[in-house]
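One chain, chain A, appears in both complexes that follow, with chain B as partner in the first and chain C in the second.
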Partner chain A sequence: MKRYLGVLLGVLTAIGGFVDIGDLVTDAQVGARFGWSMTWVVLLGVGGICVFAEMAGRIAAVSHRATFDLVRERLGPRVGMLNLVGSILVTLLTFIAEIGGVALALQLVSSVNHVLVVPFVAAAVWIVLWRAKFSSIENVLGLLGLSLIGFAVALWQLGPDWNDVLHQLAPTSNPGGESWTTYAYFAVALFGAAMTPYEVFFFSSGGVEERWTRKDIGVMRANVFIGFPLGGILALAIAGCAAEVFLPHGISVETLGQVGLPVALALGKIGLAVVVLGFFAATFGAACETGLSVGYSLAQYFGFQWGKYVRPRDAAGFHVIILLATALGAGVLLTGVDPIMVTEMSVVFSAIALPLTYLPILVVANDPDYLGEHRNGRLANVLGVFYLGIVLVVSLAAIPLMIVTSMGQH
Partner chain B sequence: MRRPWRTTAVAVPLLALLALAGCSVVSQPDPAGWDQSAQQALDDASGEVGTARLALRAAADDRTWSSYTTVLVSEAEEAAGTAEEDLSRLQVPPERTDAAATALDLLGQAAEATRQVRALAVAGRYDDAELADELARLGTALDQEALRAAARAERS
Partner chain C sequence: MTARDRYDVSLHLLDRQIVGAADRLVAKVDDVELTRLSDGRLVPTALLVGLPALLPRLSGLLARMHRLTRAAAADRDLPLVADLGLVDEVGSDVRLNVAHARLPRMERARAEDPHRLRVGDVLGIPVRCAELPRRSKVLDLCVVGVPGHAGRDDPHEVVALIVGPGRPGALLGYDRRSEPGPAVVAGIVRWLHRHARVVDLGPGVVLDVDAGEVRIERGTSLLPLRG
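Then we have the complex of A and B:
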């Protein structure tokens, strides 16, 4: 019974923790401009994150070591450094976007300018990362993140014409009449948002924090293969709400307030309050995950003690990195930079850095010295190579598309 | 025969000079470029007017709380103002004088209408039917002008 409850909790937190500021903004933008025509990108991205998260989780459960730790050892310090630099910059950018997202969510409740809220949010994130238990962070914020189910209820209440939705599912439908380069740019951003590198670092390091063993591989797979796809359905519901309310009026989504407006129209104040709680939980949870991921990545690469499973005084360097990253994030946001713009940049740069993250995972997951009988089978390798090809194309296309479309403006 | 470094020494400053020539303090687009910028600004403003209209409707139906509505419409007001400002800063090509007057007038109306919505939201008054109608009319006018700008850009 306890085991089943553990699986259920893991699945629920995986669903609630799937969506972050990048998904909230990008899904709503895509829904408002392209209707349901990018559903295939969300499905492709969810498939990709499932494939690589399963590999990263398996590596942690079998070797009891996290990704960066093994990448450096297996591929050498140079490749490890390349992997580290690409990933850390994107994760740091995502961390800044998440702190900004929390501030924007609080602004919607208080109407206090988000810049004034940023120092308090940053302090709260740091205190939680310093003092709270790993499982508390993951479970409490993951479960609160389930409030975003409000989008699915709102979509049902908005009553879309499902025949029309079916027609829009064809990738070529492009109901907003946007140019195909803009379509491609948003497809890249949406894919980058679904496959953000920090998700696998956090998942694999979290496995080490929670002391996974070979016996936990089944539970880990249930979290990945049930939780992540259900999280993907939440992402589709966010896009669907925007498609129903904004697309017919030709309205682009540029603010977090707009993301919640369809829920207000469909469900009223209570529904809106529930999803704003979801905004807070999703962004605060992702801020904690990205903050920890920055600490994990650097500490694992340089080989000093890390993690929430040891006392802070025993992992002082790890906590100092988190403190500095939090101060840097707050500092950047205090310049008045728009958190939504930081988010848009973070998902595109995430797309650019994808091969640096996923190639090493595929290599390590095939190494019998680390994984023995649990190394990748044929199916995992076919899927891994297929997705590696896609992330390579996405990575190469991201910068030209960003320039040609002026970040999706036209 | 000239040595490669000499070619480089001539080519690099020349290319740099050409690149700098495009970085004037005042942006002076050609007619097609101006049409594209006008279309973008009109589309953006139409979106902000639409957002303000939906926010007003949601608030009038008691579906949002006051701080949410205030944040939503103040962001729409700011973005509508930015759209107007961005287009007004461009040097208008002589062939587009009339189109610029129409576009800037509409953008000014959009900025003013969203300002009025924000003022009502802060005052907690959401049931101004006349303003709601004005927002709907303005949204249509902005969309039509954006379509005209797009058609001109395509012809140029």
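Then we have the complex of A and C:
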């Protein structure tokens, strides 16, 4: 019974923790501008993160090695350093966006300008990362993140014409009449948001933190193959709500408040309050994950002690890095930079960093030294190579598309 | 780790996580010290740890900058040393039987010993051989010995070099053993390194670290990599 409860808790927190500020903003923007025509990108991205998270989780369970360990071991110190610099920049950018997202969620509730809230949010994130248990962070914020189910309920209440939705599912429908380069840019951003590298850094490091063993592979797979796709459905619901409310009027999504507006229309104040709680939990949870991921990446590259499974004094360098990253994030946001713009940049740069993260995972997942009998089977390899090809194309296309479309403006 | 009596230094030892007593993470294997014995054999003798070992592998400029910033504490430009005898086990990590605090810093006399060199100094140096492409370099060093058992039985010994175009580490482990890998990735890596060869250290092969090159005489046996 305890085991089943553990699986259920893991799945629920995987659903609640799946969506972050990048998904919230990008899904709503895409829904408002492209309707349901990018559903295939969400499904593709969810499939990709499932494939690689499962491999990274399996490696963590069997060999107790997290993803950045593998990056340096297989790519060497030079290319590993290149990846480290790129990944840290992307993860820091995402961390900044998440802290900004928490501040924006609190602004929705309090009407206090988000810049004034940022120092308190940053302090709260750091205290939680310093003092709270790893499992408490994951479980409490993951369960609160389930409040975003409000979007699925709102979509049902908005009563979309499902025949029309079915027509829009075709990638060629492009109901907003946007140019195809803009379409491609947002497809790359959406894919980057779904497969952002910090997710595997955090997932695999979390496996080491929680002392996964071979016995936990089943539970890990349940989290990935049930929790992530259900989280993906939440992402689709967010896009769907925006498609129903904004697309017919040609309104684009520029603020977090607009992301929640369809829920307010469908479910009233109570519904809005529930999803704003979801915004807070999802962004605060992701802020914790990205903050930890900055520390994980650096510590795993250089090999010094990391993790919340040891006392802070035993992983002092790791905690100092998190403190500095939090201070830097708060400092950037205090300049008045728009967190939504930071989010848009972070998901595109995520797309660029993907291959250097996922190639070592795929290679090591085939290495009997690490995985023995648990190494990749044929299906995992076919899917891994398929997705590796896609992330390569996406990463090469990201910067040209960003320049050509002026970050999706035209 | 699967049992083997032969391993490749770059693939199986360099950059692996070192774990000390009580499962504490210590550092990465930032470099490996080699010693040339009086009979000419080259044997790995220690794992080197810390920025003074890592930075030269990243770039000579970074290493020089590091030495300048450490000028006030001259001994700090030397790495920490874990003699191979301290290694309990080599698998997906390297297990030591001591905690981090016990690792000594390398003595200056040892650093200046002309018989000692680092794997990082050997990897990537040019290979002069009429039968290999001009841009060939040392990609890895093959060692005889069971990882984690150095000093207990016969000492480990560098017996061969993997040479060819490309850069150290780019073989990704597809060259030496039977990892099936995704066939596509393995095929691409093997095709990229189709000119790579294994050459046994011995007559006809001169590893001249001072000159920064390996010279291989015409007619020396060059074995293809195993798939």
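The rule is short, and it goes like this: the second predicted complex is superposed on the first by the 408 of 410 C-alpha atoms of A that agree within 3 Å, B and C clash if a C-alpha of one lies under 4 Å from a C-alpha of the other, contacts with A are read in each partner's own complex, and residues count from 1 in each chain.
Here is the rule we go by: a contact is a pair of C-beta atoms (placed from the backbone, for glycine too) under 8 Å apart; a residue touches a chain by one contact, two chains touch by 3 or more.
The structure displayed is predicted, hence computed values, not measured ones.
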{"item": "Touched partner set for A:Ala124, first chain B, second chain C, both or neither", "value": "neither"}
{"item": "Partner chain in contact with A:Leu392 - chain B first, chain C second, else both or neither", "value": "neither"}
{"item": "Winner by number of chain A residues touched, once chain B and chain C are compared", "value": "C"}
{"item": "First (chain B), second (chain C), both or neither touched by A:His249", "value": "first"}
{"item": "Chain B versus chain C as contact partner of A:Asp69, first or second or both or neither", "value": "second"}
{"item": "Common ground on chain A, meaning residues reached by chain C in one complex and by chain B in the other", "value": "none"}
{"item": "List of chain A residues in touch with chain B within their complex", "value": "107-111, 245-246, 249-252, 254-255, 257-258, 260-261, 264-265, 267-269, 272, 276, 409-410"}
{"item": "In the complex, chain C residues that touch chain A", "value": "1-2, 10, 12, 14-18, 24-28, 30, 54, 57-59, 91-93, 167-170, 172-173, 179-185"}
{"item": "Contacting residues of chain A [partner chain C, same complex]", "value": "63-65, 69, 72-81, 299-306, 310, 314, 359, 362-363, 366-370, 372, 376, 381-382, 384-385, 388"}
{"item": "Parts of chain B lying in touch with chain A, wherever the complex brings them together", "value": "36, 40, 43-44, 46-47, 50-51, 54-55, 57-58, 61-68, 70-72, 75, 79, 139, 143"}
